[in-house]
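Order of writing sets the labels: A, B, C and D. Residues in every chain begin at 1.
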Amino acid sequence: MIIVQDVVKAYDEITPALDHVSLQINDRDFVFLVGSSGAGKTTLIRLINKDEEPTSGSIFVDGVNITRLKRGEVPSLRRKIGVIFQDFKLLPHATVSENVEFALRVVGEHDGRGHQRVEEAIETVGLSAQARRRPYQLSGGEQQRVAIARCLVTDPPIVIADEPTGNLDPDTGWETMNLLVRINAMGTTVLIATHNRELVNTMRRRVISLEDGKVVRDEVGGGYSG
Amino acid sequence: MARFRTIRYIIGAAFGSMWRNLLTTFTAIITIAIMLIVFSTFLAVNDTLDHMIDALGRRTNLVAYVQDAAPPSEITALVQSVSARADVAEIVFVSREQAADDFRNTLSDLAEILDVIETNPFPASIEVRMADPEGLLPLADELRLQPALIDQVLVRADVVGRLLRVSNLARIGGGILIISLGAVTLFVIFNTIRLAVYSRREEIEIMRLIGATDWFVRGPFVVEGAVIGFIGAGLSAIAVVAGYARVGPTLESLVSFLPIQTQTGFVTNLALFTMLMGVLIGSVGSYFSVRRYLEN
Amino acid sequence: MIIVQDVVKAYDEITPALDHVSLQINDRDFVFLVGSSGAGKTTLIRLINKDEEPTSGSIFVDGVNITRLKRGEVPSLRRKIGVIFQDFKLLPHATVSENVEFALRVVGEHDGRGHQRVEEAIETVGLSAQARRRPYQLSGGEQQRVAIARCLVTDPPIVIADEPTGNLDPDTGWETMNLLVRINAMGTTVLIATHNRELVNTMRRRVISLEDGKVVRDEVGGGYSG
Amino acid sequence: MARFRTIRYIIGAAFGSMWRNLLTTFTAIITIAIMLIVFSTFLAVNDTLDHMIDALGRRTNLVAYVQDAAPPSEITALVQSVSARADVAEIVFVSREQAADDFRNTLSDLAEILDVIETNPFPASIEVRMADPEGLLPLADELRLQPALIDQVLVRADVVGRLLRVSNLARIGGGILIISLGAVTLFVIFNTIRLAVYSRREEIEIMRLIGATDWFVRGPFVVEGAVIGFIGAGLSAIAVVAGYARVGPTLESLVSFLPIQTQTGFVTNLALFTMLMGVLIGSVGSYFSVRRYLEN
C-alpha cells in the first residue's frame, strides 16, 4: 500500500512540481497516472522510489514512512518497488542479459534458477534474439522492453511504469499492457504513468489525473481526459 | 551461499569492467607503476645517501699524534687504557708508514705530493672514534697531560660538526622530499582513479536506483582498484629490484672513493612495501572516489 | 530530395536492419515512416544523416551521393538536415537556451537576431519558463520539446523527426504535429518516424511502412497499418 | 564577422566548461603544476650539478714542480713561453707558501697536519690547464726536457679521466633521468586530460551529430587545455623561482667546499620554458584526446 500525504515537491523557487498531493494506492490496485507534459508524474514516482525527497508531506510504503528511512534502508525499499524508468536507465556497458541479471543479483535472488528467470523475462518482452547486445545496439523500443524485463524479473510486489509504451508500436504496447494486467491479477500493485490515450480509454481502470502538480481527478474506470 | 554468490559476482564484475575499459585500466596501471617507480627510486637513493653519511660520520673524531721518540710499549699501554673507556667506540694505532699509505689511498689525486716530498712527513698517531661524543673533550685533555708520549691532540670538532650539519640537512631535506613526492604520487594516483570513476558515475547512479546496496555498487570498484594497484605496484617493484641489481654494483665501482653500499635487503623490503601500498592506494582510492557518487 | 537506392544495412551477421530498401522523398514532401519496434526506422534516419554507413547501396541528398562524402564534408550535410533524435541527444551540461543556441552557432547563423530566434523557438514549444534549466531538470516531454526547438531553430530544408511525440501527451503531440505541418507548408521536407497510430490515421499523408528492414508499403494518404 | 563570433564562442565555451567542471579543472591544474614542479626541480638540480662538474673539471690538469734552486727569471721566461701555446688555457705559478695555503684551504680537515709537520713540505709549482687535452702529454714531455728548472712533471690523467667518467656518468644518467621524468610528466598530464575528455565523449558525439565541424567541437577543448596548462605551469614556475631564490643561497653557504653556484638566469629561463611547455602540453593533449572521439 502506498499512501501519499499532502506532499509538496518544489525543485526551485518557481512553481512546485507537486502541490499538496494526497493519494492512496492499495495493494493489488491497477492505476493510471495521466497528465500533460511536466504535470509531475515522474516527480511523484521519484518520490515514491526515494530518488528525491519531498519538500513537505510524507509518503508511506507498506506502512513505513519512507521520508524517515536511513541511507542504509533505502535499497530494501527500492527492491520492493520495480520501476520502469521513462529514460530506461540501462547499464550502458552491460548486455541485455546482464542488465536483467543485475536486477536479480541486486535482490539476492540470482540463485540456481537465476539464468532461467533471466531468459524467461527476456523471452517475455520478445528480445531473445538481442540478448547479447548492449543498449546502444538496440532500437528505442527494444531498450524500453529491456527496462520492462529488468523490472519484472524480480517479481516485485509493486511495479511502477513511467511511460512504458512511449517508444513502442501499438501492438507491442498492447502486449506490454496485457503483461502488466496479468501480473496485477497475480497480486502485484501496478502504477502506470502514461500519455497513451487509446490504452487508458480502452482499459477503463482507475485514473489519477495530475495538472500542474495537483491531483485534479481520481476516478475508478476513468478515461484519459475528462 | 547468497553472500558467496555476491562475492563471486563482485570479483567477476571487477575483472569484467577492467577488461571492458582496457585502455583506462592500462593507463591506470602504468600511472601507478611509474609514480611508484619514481617514488621508490627516490627512497632507495635516499637510503643509500643515508648509509653513506652514516659511514662518513663513523670516521675518526680524535687524533693524537705520537712523539717520534715515544717508547712503543708505553704507547701500547696507553692505547689499551683508552680503549677500556666506556665512551670510546674504537681506537686504532696508525704507524707512520700506514699514515702515508692512507693519504695515498684516500686522496689519490694528491698522492704524487708524497713522491715529490721524498720524505714521509706523517707522524704516527692514535685515532679514536667516540661512542659518546660528550667524552671527546675530556679525553683530549687527558691525552694532552702526557706530553712525553703525545705531541699534539687534534679534536675534529669542526669536521664532526660540519658532517652533522650536512647529515641533518640531508635527512630533513630528504624527509621533506619524500613526503612531497609521496604526496604527489598519492595525488596523481588518486586523481587517475577519481577521473576513471567519474566517467562511470551514470552507471553508479543507475545501480543505486535499482536498489543495489552501497557495497554492491562499490565492491567491484574497490576490487578493481586493488587489482590495478597490485599490478601497477608489482611492475614498479620488479623494475626497482631489477634496476637496483643492475645499477648498484656499477655505481659502487665507479664512485669507489665514497662509502656507497648496495642494500639489497632494503630494496626487497621496499618492493614488498610498494606492493602493499599499491593495493591499499588502489582500493582506498576507489572506495572514496565511488563514495562521492553514492552519497548525494 | 532524398533518394535511397537499394540500401542494405547489416550491423552484424544476423538479420540486416535494412534489407534492400529503395525510396524517394521529394522536396516539400511530408512522409510518415511507420513500423514495429526494431523495424529499422532509426537505422534509416541514421544512414541519411551519415551517422552510420550502409553495407551496400547508395543514398543521395540533393543530388549528392552521401556515401562518397569526405569527413570534412559531413558537417554541411548535417546542417542541411535537422534531426529530432529519438533519445533527444541534448548537451547534458547546457541549459535549454544554450542547447538551442548551440545549433544556431553550428550553422554559423548566430548573428544579431540569434538570441531572438532562440527565444522564439523555445516559445514555440512552450518552454520559455524552463529556458534556464538543464536537461536533467526537465520532464521527459520537456526534453523532447527542447530537441524539437533545437531542430527547428536553424530552419533546415529537411526535417527528420524520430518518434517526436513518444513522450508527449496527446494535446502537445498534436501541437507538435501542426508545427511540422506548418513548416512543411512553408517549403520544408518532413520525414517523421512514429508509432502514433492516432496521428497517422487522422492526417492521411504519405506513409512508408517498414517491416523487418523491408519497405512493405508506400502509400500516399495511408493509415497506420494496412 | 562570423569567424570572429565563432572564436569568441570557442573561448567563452572553454571558460564555461572549466567553470562547470571546476573540480576536474582544479585537479588538472594541480596535476600539471606538481608534475612540472618535480620536473623542473630536477632540471635545476641537474643543471647545478653540471656546473659543479664543469667547475671541478676546470681545475689544473698538469703540475710541474719547480726545482728549489731554479732561478726565478728563467722560471718566469718558461711560464711565458708555455702560456703562449695555443693549446694552453691557463698557466699559474704557485709559490711554496701559496701551495701550503692552498692545501690548508681546500682540505681544511687535514690542515692540522701542516702544523704538526712544522716545515713546509710543498715545492713551488707551475699549474697548467689545457684548452685542448690532446696537447697535455706533449707539453709534459717538453717540460721534462728541462731538468734544471723542473723537478718532476705530474699529469693528472688519472684525476681528469676519473672526473670525465663521473661527469659522463652524471650527464648520461642525468639525461636518462630527465628523459624518463619528462616522459612520466607528459604521460601523467596527457592521461589526466585524456580521462577528463573521456568523461565528456557523449557531448562530443552530440555536437558532431548536429553538424558541428571538427574545429567547432575541438576548439573549446584545445583552448581549455591551453589555459589549464598555462595556469598549472605558471604555478610551477612561481614555485620553482621562489623556491630556488630561497633554497639556493642556504645551500651555497652550507656546502661551501663544493663549487655550487645558484644560476638565477637558468631558473628564469626554466620558468619561461615551463610556461611554454604547459600551454603546449595542455593544448596538444586536448587536441589528441578529442581527436579519438571525432574520428570514429
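Definition applied: contacts are C-beta pairs under 8 Å (C-beta built on N, C-alpha and C of every residue); 3 or more make two chains touch, one makes a residue touch a chain.
Predicted model only: the values in this text are computed from it and were never measured.
Novice: Where each step is a move between two chains that touch, what is the least number of such steps from chain A to chain C?
Specialist: Tracing touching chains, the least step count from chain A to chain C comes to 1.
Novice: Going by the stated contact rule, which chains contact chain A and chain D alike?
Specialist: Correct list: B, C.
Novice: So, comparing C-alpha centroids, which chain is the farthest one from chain B?
Specialist: Chain C.
Novice: How far is the middle of chain B from the middle of chain C, if each middle is the mean of its Cα atoms, in Å?
Specialist: Result: the chain centres lie 67 Å from each other.
Novice: Express in whole angstrom the distance between the two chain centres, defined as the mean CA positions of chain A and chain B.
Specialist: 61
Novice: Please report how many Å separate the Cα centroid of chain B from that of chain D, as a whole number.
Specialist: Centres of chain B and chain D (C-alpha means) sit 25 Å apart.
Novice: Going by the contact rule already set, what residues in chain A reach two or more other chains?
Specialist: There are none in chain A.
Novice: Can you pull out the residues of chain B that are in contact with at least two other chains?
Specialist: none
Novice: Given which chains touch which, is the overall layout a line, a ring, a star, complete, or other?
Specialist: ring
Novice: Throw together a list of every chain pair that touches.
Specialist: A-B, A-C, B-D, C-D
Novice: State the interface residues of chain C toward chain A in the complex, per the touch definition above.
Specialist: These residues of chain C touch chain A: 11, 14, 34-38, 41-43, 86-87, 129, 137-142, 144-145, 162-163, 166-173, 195, 197-198, 224.
Novice: For the complex, give me every residue of chain D touching chain C.
Specialist: Chain D residues touching chain C: 1-2, 5-6, 9, 17, 20, 202-203, 206-214, 216.
Novice: In their shared complex, at which residues does chain D touch chain B?
Specialist: Touch list, chain D to chain B: 24, 27, 30-31, 34-35, 38, 63, 65, 107-109, 112-113, 115-117, 119, 121-123, 151-152, 154, 156, 158-159, 165-166, 169, 181, 184, 187-188, 191-192, 194-196, 198-199, 254-255.
Novice: For the complex, which residues does chain A have touching chain B?
Specialist: So the residues of chain A touching chain B come out as 49, 51, 71-72, 74-79, 83, 85, 89-93, 102-103, 105-108, 110-111, 150.
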